[in-house]
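Next come two complexes, and both contain subunit A; in the first it sits with subunit B, in the second with subunit C.
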Partner chain A sequence: MSETKETTLTAEREKRRGLMALLHGNRVFRSLFRHGLPDTNRNRALATFSNFFLHVQPVKVRLRAIKFTQTFYLGGLSLVCFGTLTITGILLMFYYHPSVPRAYEDMKDLQFVVSSGTFLRNLHRWSAHVMVALVFLHMVRVFFAGAYKPPREFNWVLGVILFVLTVLLSYTGYLLPWDQLAYWAVTVGANMAKAVPVMGEDIRFLMLGGTEVGENALIRFYVLHCVVLPLALTGVIALHLWRVRKDGGLHLPPLKGKGGEGDR
Partner chain B sequence: MARPTNLRYGLMIWTFAVLAVVFVASLAFAPAKSYFSEWRATQRQYNTVAAGIGVAPIDPGIQQIWLKELGVVDRCASCHVGMGPGDPIPGDPVFGAHPAIPHEPEEIGCTFCHGGQGRATGHETAHGQAEHWFEPLLERDQFEAGCGSCHSAIPVGRLALADTGRQLFERYDCLACHQVDGRGGGRMETQSMPDLSGVGLRGIPADWYEGHLARRREEADGLLAESFGDLEPTEVEAISEYLGTLVAMPRLARGKRLFHELGCRGCHVVNGVGGSEGPDLSEVGKKSVEELLYPGNFRAERTFASWQVEHLLSPGEVVEGSLMPDQGLTRAQAESLALYLLSLRRAEIPGEYWPPDRTRAERLGEREFGTDGQTLYQVFCAACHGADGSGRAHGVIFGQALPSLVNPDFLAVASDEFLRQVIETGRSGRRMPAWGGGEGGLRNAEVQSLIGRLRSEEPTAPTYDVVAAAPDDPTAGAALYAKSCAVCHGANGEGGIGPSLRSAAFQDLATDRFIHRAITGGRPGTAMGRFRELDAAAIRSLIAHLRSLSERAREPVDLAGVSAFAGDVERGQVVFAASCASCHGAQGEGGIGPGIGKQAFLASAGKAFIALSYSRGRCFDAAGTPPPDVERQGLSDVATWLVERGGRSAVEAAGRIVVGDPRNGQRLYAKTCAACHGTNGEGKEGPALGNPEFLAAANDGFLQATIIRGRGGTAMPGFNRDQVKVPRLSAGEVDDIVSFIRSLLGGEKEEN
Partner chain C sequence: MTTKQRTFTPAESEDARQIPVRVAEVQEDERFAVEDRDEPKVMSFPHLVLREAIALLGMSLFLVLLSLFADAPLEQIANPAMTPNPAKAPWYFLGLQELLHYYPPLVAGVLLPGLVVMALIQIPYFDVNLKREALWTAPRPGRATLVLLVAFAVAFLFNVAAHNTVWPIIIPTVVVGIIMALPGYLGAHGRLLSWLSSRSIPFYVFFWFLSVAVVLTVVGTLFRGPGWALTFPWREGIY
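After this line comes the complex of A and B, so read on.
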């Protein structure tokens, strides 16, 4: 099919559509989406390639792969949790001062006077718990499905990094309310880090920005929780999803009676 | 690959739809919950009630007192509308007006006084009944405890004097014109007299009495003329003391006073001062209910105050193994004390918010308790040593017999230095804590007041003029000498533990006045205690007897005539160090020879007395060696140095050191002392002698004198006379025993 013929065909189709053509053919729409309706294979491919949010998706997904029992959607739900956490986290940041004793007072204000403040905090908190659980289950699923095997071994490594980042986010967030639970949890955690041979003391000092859980530890944990770790997590998630696509989409078990290597 | 059937598609879509609806509903629930909040409901209720009685309604909204410097965010008025945005509704428990108080709530907030959680906007959370919230709202009848957040040092004054003042205040009917804590002021219709409720905090005009007198003169026929009479200066002082304790917190002041009257601080530290036996109570009011331990059979309501009340009434039943004695309190007393304990909740607040009492106590160093000996004794000592000092308080507490402090024999031989050291450093292994500086928190002057209080138990000795005028009776003098003096000074005054009294040097130099001083005041640091129980005739007779012991006719020296000694201070110091210090100590504090560095001694003796004592031969060595050769000028230098510099030394008097034979002492100790004091001085029925603090505080003279004189009223006999089962000890034997007791400390160390 020559280039000219294809263009003409598309143009003719759009002409037929009248009102739809008005919507898709105008300049503004074209500046946003450089392709027409995804009604041809090419346009379908273009829709995916040229869309920032969709381009990590494979162009085609096997129906088997989106079957619920295949993945239980654990990875995707983790991503949804992360999204929830980001949004509620940003809203919480509007009300929170990472300082002693303002931090605790801000918790109290969120609880008592901020509209839906308690809901916001609870949503953030439960999403965090659920995310840790989902990420863990996701790993379990991947492990038992054998999806960590070549060629996906690097993505497994990325997955482990993501799990560690998730747990670190959970841990750093724990200190921020600055209540007794937070204080002692971080004290215990920091003392566990101290048990590392040779450099344990230094690790603890680095963590807390001092020798005790105080103002320095709070600001350090705050920056980690709200800036460093979320950015790192976002970056690694992007890499992770991109690798899923590059490694040939989801790992699928071989079809019955056909042998071979499943999705390869 | 099988296409999903329409049925499965449909199921997925329906599941998604239902989940979406649930999700949106739960999202909507959050703002709804936020909107239908308790405070909104309460404000609606106010508007309903207000409409019923014609009070203007309020616009809904959270009300708060926000005080940045104090860290106060109190939203109480969101529900207690009558104290905030709306007009109070009379008689309503929630919407009523705040009772009149000396503070503006807008200036200090609510929670400093009432406790609870100021930021909260719900009933239970705001009233602090939430889990993990440590400060529940104070009960209605305990709200004065909240005053303690800022008023951390309201004065209790000199207890006895303030009590006298209170009685006088009532008796002279000051309440006819003045009001105190809501009482009195019946005659105030015509003219206004100041309400005296908080006068102790505001400050009492020093000239209030003179002011009243002046007004009485001015308005000859006025109210004052018929009601105000002349007062004694002591009465004015007592009333002023009472006024100083009026702080407009009557219940709290009563509780605090009771705490001090009962002597609780004998065992408990509050604000850095007190005994170390019980827990420090300085911030006990901040304790949460969750920190208290409840026994299984605890029936009262589980609040801080009820725990304290039950514990005060029967300590052992609430805290197993509690050492706290049951004081036999009434429930009302226990409640009063619990209120005070609850008020020990000192909050950190900026200096400009400090009330006068806190500023006085923490910035200016004034005490919240009176610092006279009587009050100090009651507050810190009476709980153990008894209100009368007899050593019997609450029966025998702690399973230890506590020593009587008012025993005349004890006071006669215990020097001020001994008492000071025991009070300041305490005694290890006993219940006696260290009261000095960093530990008990008492200051030097306060310890001195306490010593003065103990000394006041001693009989008043007759003055010299009375003694001089008394008749003398040589036989009585001789008998008294044989009984009380001979053991140390020899049967004929030849000397022994004490110096020779018949030597020409003593007889010539010592005036009658000097001897009177020595008998009634003793010589600190030596075995020469005080004999204050002697009456004027006895002292006169004793002095006459001493004079009769003289070797030859007395040739009194006119000390005044030879006092024009010219000496050089610096040369004197050199000579003293070379010739005298080996016996009298480097600063004249005493050693083998008696202490001659005491200001009191130097003041009464003078340069001439010192120099003449030496040249006439009172300076002798215990071993009989002749005194060092000091030429005349050197002598006056030494005397000058001693008088001008010696007494100013900070060195504590070690007292005169006894030289005895510890081996013989051990034999004698085993025979006569070990039965009560233990073989190695560890103490049995009698007190432990091997105690390091005891041996550090007690000098050899104290030990000698106690052995010789005994202690009346206790099992300790005097060993200076023949008695049934009690041997008579010679002066040398006493020295030997003292030397052995001194060695006990060393022996104990080796064992450890």
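After this line comes the complex of A and C, so read on.
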């Protein structure tokens, strides 16, 4: 097909599409999304792989792999929780001072002074609990599907690391409100660290920045919770998703009647 | 027009324009491409993207509703001089805290969680029945008895190291042992038994780990009160 003929065809098609076509014909829009209206398979393919956020995914997927009951979208939903936690977390940081007793007073301010402060804190807290549960359920689902088997061994390891990081994020965040609940939960955890043979006391000291849970522990947990652990989690998530593609996409049980050992 | 004569040396170069000779080496290599079976495929855009958008919106809606109707707990300001009774960690740590009731801190706080993480990491590498072949292909009472004995031995071993009877470990261990041995005695009659008999050993080991973890967490969360004494949520409420 000659180029002029193709342009006239596209032009005709776009004339028929109305508003969406107008948008896709717009110069500014085209500088953002270089493909035309996704009404051809070529443009649909371009919509996936010419987009920074979507190129993580393959252009074509097996229908079974995107069925809800195949995976319950547990990994993706964990990611949604992480996104919610990042956004609400940044908003909470605007109102928070990691010092004693200011940290607790900020909680009270969120409750009584800040507009929708309680809602903001609720959203952060409940997303965290839901995320821990979802990540664990994701791990269970992956095990029972047998998706950890070669060639996906290392991605399973990355998954275990992600689970540990999630729990650590949740644990470090637990101290920040500086109420009785936070203080004693972290004290229980810190006392467990003391039980490590030989260097238990040192680990606890390193963790808390002192011999007991105080302002030094608060600032350490704050930095870990807001900077170190989220960055680590983001990095490992990127690796994890990349490995899903590189290890052959989503693990699916062999089709019925095609042989194979199935999943036990 | 003159053609430039180049000397061809059989060498490998990263710049193909400098030495226009490529030495090809055929090497066996493995790539894990998607196993291309004759199964229906769809374009990611819009089929997958649309589903993701729905999942994102659904989850966001759920979290927003939850946050509108349930408030995050906030107690009095931290007071090192006043220890609440019981002092509880967040729910996902209550399984560990429940273990502290039975074992010295070294075992409950360091050894067992460390072993669990290590066990999880090594799952795909430790080549025990990675193909997950069925545990039972025919009824074998002798082997079933062995399975039961191992379950009892594991439960016993967990109890030996404890200073209280570890019911939250003993009960799930024995129950999983019985479920595991059942098809070995009775054969694969009926849907449930045939499903159970076609499970593999790794399946049962993970199922056991899961049962113990869930029972410990539930007991620690719902059934423990002041002094870590046994309470019932329907009588005393949740501490």
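The rule is short, and it goes like this: the second predicted complex is superposed on the first by the 213 of 264 C-alpha atoms of A that agree within 3 Å, B and C clash if a C-alpha of one lies under 4 Å from a C-alpha of the other, contacts with A are read in each partner's own complex, and residues count from 1 in each chain.
We take it that contacts are C-beta pairs under 8 Å (C-beta built on N, C-alpha and C of every residue); 3 or more make two chains touch, one makes a residue touch a chain.
The structure presented is a predicted model; accordingly, all values stated were derived computationally and were not measured.
With both complexes superposed, C is the one of subunit B and subunit C in contact with more subunit A residues.
Applying the stated contact rule after C-alpha superposition, one finds that A:V132 touches subunit C and leaves subunit B untouched.
Judged by the touch definition given at the top, the superposed model places A:R64 against both subunit B and subunit C. By the touch criterion stated above, A:L169 is placed in contact with neither subunit B nor subunit C. When both complexes are overlaid on chain A, the residue A:V157 reaches subunit C alone and has no touch with subunit B.
Contact with neither subunit B nor subunit C is seen for A:V142 once the two complexes are overlaid on the shared chain.
In the superposition on chain A, A:Q180 makes contact with both subunit B and subunit C.
Within the superposed three-chain model, A:V213 lies in touch with subunit C and out of touch with subunit B [touch as defined at top].
In the superposed pair of complexes, A:F119 makes contact with subunit B and with subunit C alike.
Within the superposed three-chain model, A:L229 lies out of touch with both subunit B and subunit C [touch as defined at top]. The residues of subunit A shared by its contacts with subunit B and with subunit C are 62-64, 101, 111, 118-119, 179-180. Interface of subunit A with subunit C (complex): residues 38, 41, 44-45, 47-48, 54, 57-64, 66, 68, 73, 76-77, 80-81, 84, 100-101, 104, 107, 111, 118-119, 121-127, 129-130, 132-133, 136, 139-140, 143-144, 146, 148-153, 156-157, 160, 164, 167, 170-171, 174, 177-185, 187-189, 191-197, 212-213, 246-249, 255, 258, 261, 263-264.
Put simply, subunit B touches subunit A in their complex at residues 1, 3-4, 30-31, 33-34, 62, 71, 73, 75, 117, 119-122, 125, 132. For subunit A in complex with subunit B, the residues that touch the partner chain are 62-64, 101, 105, 108-109, 111-113, 115-119, 179-180. Those residues of subunit C that touch subunit A in the complex are listed here as 30, 32-35, 37, 39-49, 51-52, 55-56, 59-60, 63-64, 66-68, 70-80, 82-84, 87-93, 96-97, 100, 104-106, 108-110, 117, 120-121, 123-125, 130-134, 198-200, 203, 206, 210.
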